[in-house]
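In the two assemblies presented below, chain A is common to both, partnered first by chain B and then by chain C.
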Partner chain A sequence: MTAALDIRGLRTEIRTRAGTMQVIDDVSLRVDPGEAVALVGESGCGKSMTALSVMRLADPRTVRITGGQVLLDGKDLVPLSDDEMRDVRGRAISMVFQDPMTFLNPVLNIGTQIGNPLRRHLGLRGAALERRVLELLELVRITDPRQVARSFPHELSGGMRQRVLIAIALTCSPKLLIADEPTTALDVTIQAQVLDVLKTSLRELGTSLLLITHNMGIVAGMCDRVYVMYAGRIAEEATVDDVFAAPKHPYTQGLLGSVLRHDRPPASFTVMGGSVPNLIDPPAGCRFRPRCPHAMDICHTDPPLIPVGDNQGAACWLYRQ
Partner chain B sequence: MQEFIYQFKKNRVAVAGAVVIAFMVLLAIIGPAIAPYSPYAFVGPAMQPPSPQFWMGTDDLGRDVLSRFIYGTRISMIVGFLAAATSVILGITLGAVSGYFGGLVDQVLMRTAELFQVLPQFFLALVLVALFGSSYVIIILVIGLLSWPSVARLARSEFLTLRERDYVLSVKALGLGVGRVIFFEILPNAAPALIVAATLQFSLAILLEASLSFIGLGDASYPSWGQMLNGAQQVFRRAWWVAFFPGLGVFLTVAAFNVVGDGLNDMQNPRLRKL
Partner chain C sequence: MTALLDVRVLAKTYVAHGLFTARRSIKAVQGVDFTIARGETLALVGESGSGKSTTGRMIMNLVERSSGEVLFDGETIFDRSRAEAQALRRRMGIIFQDPYASLNPRKSVGHLLGQPLSIHRGGSPKRYRAEAIAMLELVGLSPGERFVDRHPHEFSGGQRQRIAIARALMLQPEFIVADEAVSALDVSVQAQILELLTRLQRELGLTFLFITHDLAVVRAIAQRVAVMYRGAIVEMGRIDDVFDNPQHDYTRALLAASPIPDPSLARRRASPDIAAVPATPIQKVT
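== the complex of A and B ==
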């Protein structure tokens, strides 16, 4: 079976005045058809940069993909020309962003904005276009689609706007949807509604999901598998059940330890010291070493992703045979 | 739109300006139907002062000044509109491209714009009209080509900030083409500032056409306000009305466009907005 998205050894760097940052360093991950996969980690660990590299949307003046492959349904996106890439975006992969207010154009009505990818990729016009726009609004469970299609973004609530963004992203029934913290800007009850809408519409269209988040609760509710990212590298890969039951990498353990959970006494809540290292001059070997409670001498060399159990792997020397 | 009208109405001066513009536009459209005489015909004694028969008097050849004024409105408005349209379309296109792409394209376009800006506009217009002849087409093109840089610089500065907005990233993520992103997604967001610039371009164009005509470089085949002023130079001390009315037309129209432009500009500044 061909994976919906198969990233192999991706490397991306950002050139700044202070030096070159290897923001994505040999990242490999896989999303199977119909699967929902989470990419988690602290702010600044390279999650969003991974998404932008897949979409090839990062600013070409400073950001460069220096190696690896991004296979979408078996086809490598890295060597595509800008024109070819524009045909892929919005059609085979699309993206839902964090803040539903700023990612909608304030001066165009909702119908026009949903119509954008329909006109661009499917060549729909006139009545057919209008019909499809209303269908999409219904797909994301907007009750009065006609009214909403005529509205402007500022006339809608945050939850509605985020559902509109989801509708826009799903217009062409893409193979893969990348959702970059889709609910961070919403309050908790609306979060649940939006996630529910997202989940059912993805199932309806058979679209795979790469969910970028730092909210472990959402991961538990939405996803099948998890990749934990730290300082531009994959620290751990596991199924959702395994990652919560038995996190292997010390970073994953620390991340989960700092989440408040109803099934644990608040006393067990721990705070991880330190912060993500400066990627212009990262620590040699394992990048988590300076913050790791189990740091050993061998950690000065790069750890490979070592399989632990059937579906789990951790880039940590604790698990070497 | 209702909100727009409500806000605009609070600025009395701008409303007065809008009324003047509306009147001039109306006059330009229905003018020939209400003009009492032909603008070219000798209809009475020369240099009659304003009277019930000739409301604005007659000029040195015995033509009706009112009829000529009405036809002149038409010419001045058309020339103003087409010249402003030329400069606004040129300015927006070049400014948008410059601001959106940046880099070398931006450097080349902006240096060109600066070159046009440092040349004395009026004298360049004189030279061009003298070289290529003084038909209205040439006059419109010359005015348009000379006044695009200010619009282009404004459009560029708007695009420099707007291109970094999140919604631009989100439409790029949908695979929309560059032209679509520039003209359908970003441009509407830059419209408020550009509309103000366009009204000012309009008044500048009318003024420039009147100036060219006044010194005798206008298109003599149709009367414009500037043409009438040119003709009035000889008789000004004996027949003030020949110069006064076309001068008033230029003054009122240019002033009206300026106050409307200022009014629109103030509306966009929330700190100057009254409740």
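== the complex of A and C ==
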């Protein structure tokens, strides 16, 4: 089976005045057809930059992909020109961001904005275009699609805007949708609705999902597998059930130990000391070493992703054979 | 036991004047009542526009009340003489969500921490360097000498929030309003700050009003919770009672919508009701 998305050994660097940062350092991950995969980690770990590298949306003046492959349905996107990428984006692969107002045009009505990718990528016009726009609004469960198609972004609530953005992203029934913190700006009751819309519409279209989030509760409810990122590298890969039942990497253990839950009285939550390393001058070897309770001499050497069980792997020397 | 804070039918109505439009009044807070005992943490939870922050700010006298009363240690906080207001303010502190916005980037940490003392006791902030260093160590930034001359931009988000907490504690207040104090932080940093606040409460006997939208944070830090919806408290009680046996529909909706970091439980939950979108509390004035 060809993966919907197969990232192999991706490396991306950012040039800053203070020096060059290897923000994505040999990242590999795959999303199978119809699968929902989470990429989790804390601020600055490189999860958003991974998405921007895949979409080629990072600022080319400072951000450069220096190695690796991004296979979309078997075809490498890295060598494509900017023009060729424009045909891929919105058609084979789409993205939804945290703040819908930034990505909606304030002076165009919603119908026009959903229609634009349909005209560009599918060549739809007239009544067929109109029909498809209304279908897409119904797909994201907007109850009065004609009314909303005539509305402007400022007339809609945050949750409605995010559903419109999802509709735009799904116009061409893409192979893969990348959603970067799609509900972080929303209230929890609205968040639950938007996630539900996202889940059912993806299922209907057979679109795969790469969900970027810091919220482990959302991962638990939405995804099949998860990649945990730390300081530009993949720390752990596992099914959602395995990662919650038995996290292997000490960072994943610390991260999950810090997650609070409202559905039962607090046990003691564990507190991970220290903070994330500076990527201009990262520690040699494992980047979690300075904070790790199990650090050993060998941790000064980069750990490979070592398989632990059938569907799990951790970049940690604790699991060497 | 007498309450340290006693809030009685506190209300705030904003009036919006628009050119060519009718005057509208927005009842941000519609008469809330609650008390907080000394040494207790009450969480005020709700979604955007529920009035929880406005309530916190009225208690701190940062937003003028429309009506109602707030008693602190038995005495009203409103319409006091300058000297009395300043004395009261020394006993009450506030921590905001965004430590990037609440710390002046041009001042050193020593200055930022010395400033409240300089306002209340006189002299320049520099005079209180020793107090600033001691406070940095109390909030987990030690040795304090290493941090006291730095500026806010040299710190991470979690460290900045520690500095904001240190600043709120400089005058040794008895009562702290924490307004979304851990909401902008990564989960591992959030855990560090919650642990710090819990420790400070134990060591200093602090009383907290903890304003947040996050039910998991409520459960980790508070003993009692008040749920706000459209400017009113719809349910209030001990955490375990409210969370395990919610009485109000809105509390139930909020609990049902909050993600649970447990895959088997998360999968078993029902789809949310799309129609149940909460509206904003805007009403026309007649």
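Operating definition for what follows: the second predicted complex is superposed on the first by the 316 of 321 C-alpha atoms of A that agree within 3 Å, B and C clash if a C-alpha of one lies under 4 Å from a C-alpha of the other, contacts with A are read in each partner's own complex, and residues count from 1 in each chain.
Methods note: a residue touches a chain if its C-beta (ideal position, glycine included) is under 8 Å from a C-beta of that chain, and two chains touch if they have at least 3 such contacts.
On a predicted model such as this, the values are computed, not experimentally measured, just so you know.
Of the two partner chains placed by the overlay, neither chain B nor chain C lies in contact with A:30. When the two structures are aligned on the shared chain, A:8 is found in touch with neither chain B nor chain C. Of the two partner chains placed around the shared chain by superposition, neither chain B nor chain C is touched by A:64.
Using the contact criterion defined above for the overlaid structures, shared-chain residue A:132 touches neither chain B nor chain C, since it reaches no partner. Contacts of A:121 after superposition: chain B is touched, whereas chain C is not reached.
Looking at the superposition, the partner that touches the larger set of chain A residues, chain B or chain C, turns out to be C.
Look at A:215: by the touch rule set out above, it reaches chain C but stays clear of chain B.
Only residues 42-43, 141, 143, 157, 159, 187-193, 196, 214-221, 240-241, 244, 254-263, 265-266, 269-273, 275 of chain A touch chain C when the two sit together in their complex. Of all residues in chain A, those touching chain B in their complex are 55, 57, 85-91, 94-95, 97, 99, 102-108, 116-117, 120-121, 165, 168. Contact residues on chain B toward chain A in their complex (touch as defined above): 165-167, 169-177, 180, 185, 188-189, 191. Within the complex, the chain C residues that touch chain A are 47-48, 156-159, 186-192, 194-195, 213-220, 239-240, 243, 253-267, 269, 271-272, 274, 276-278.
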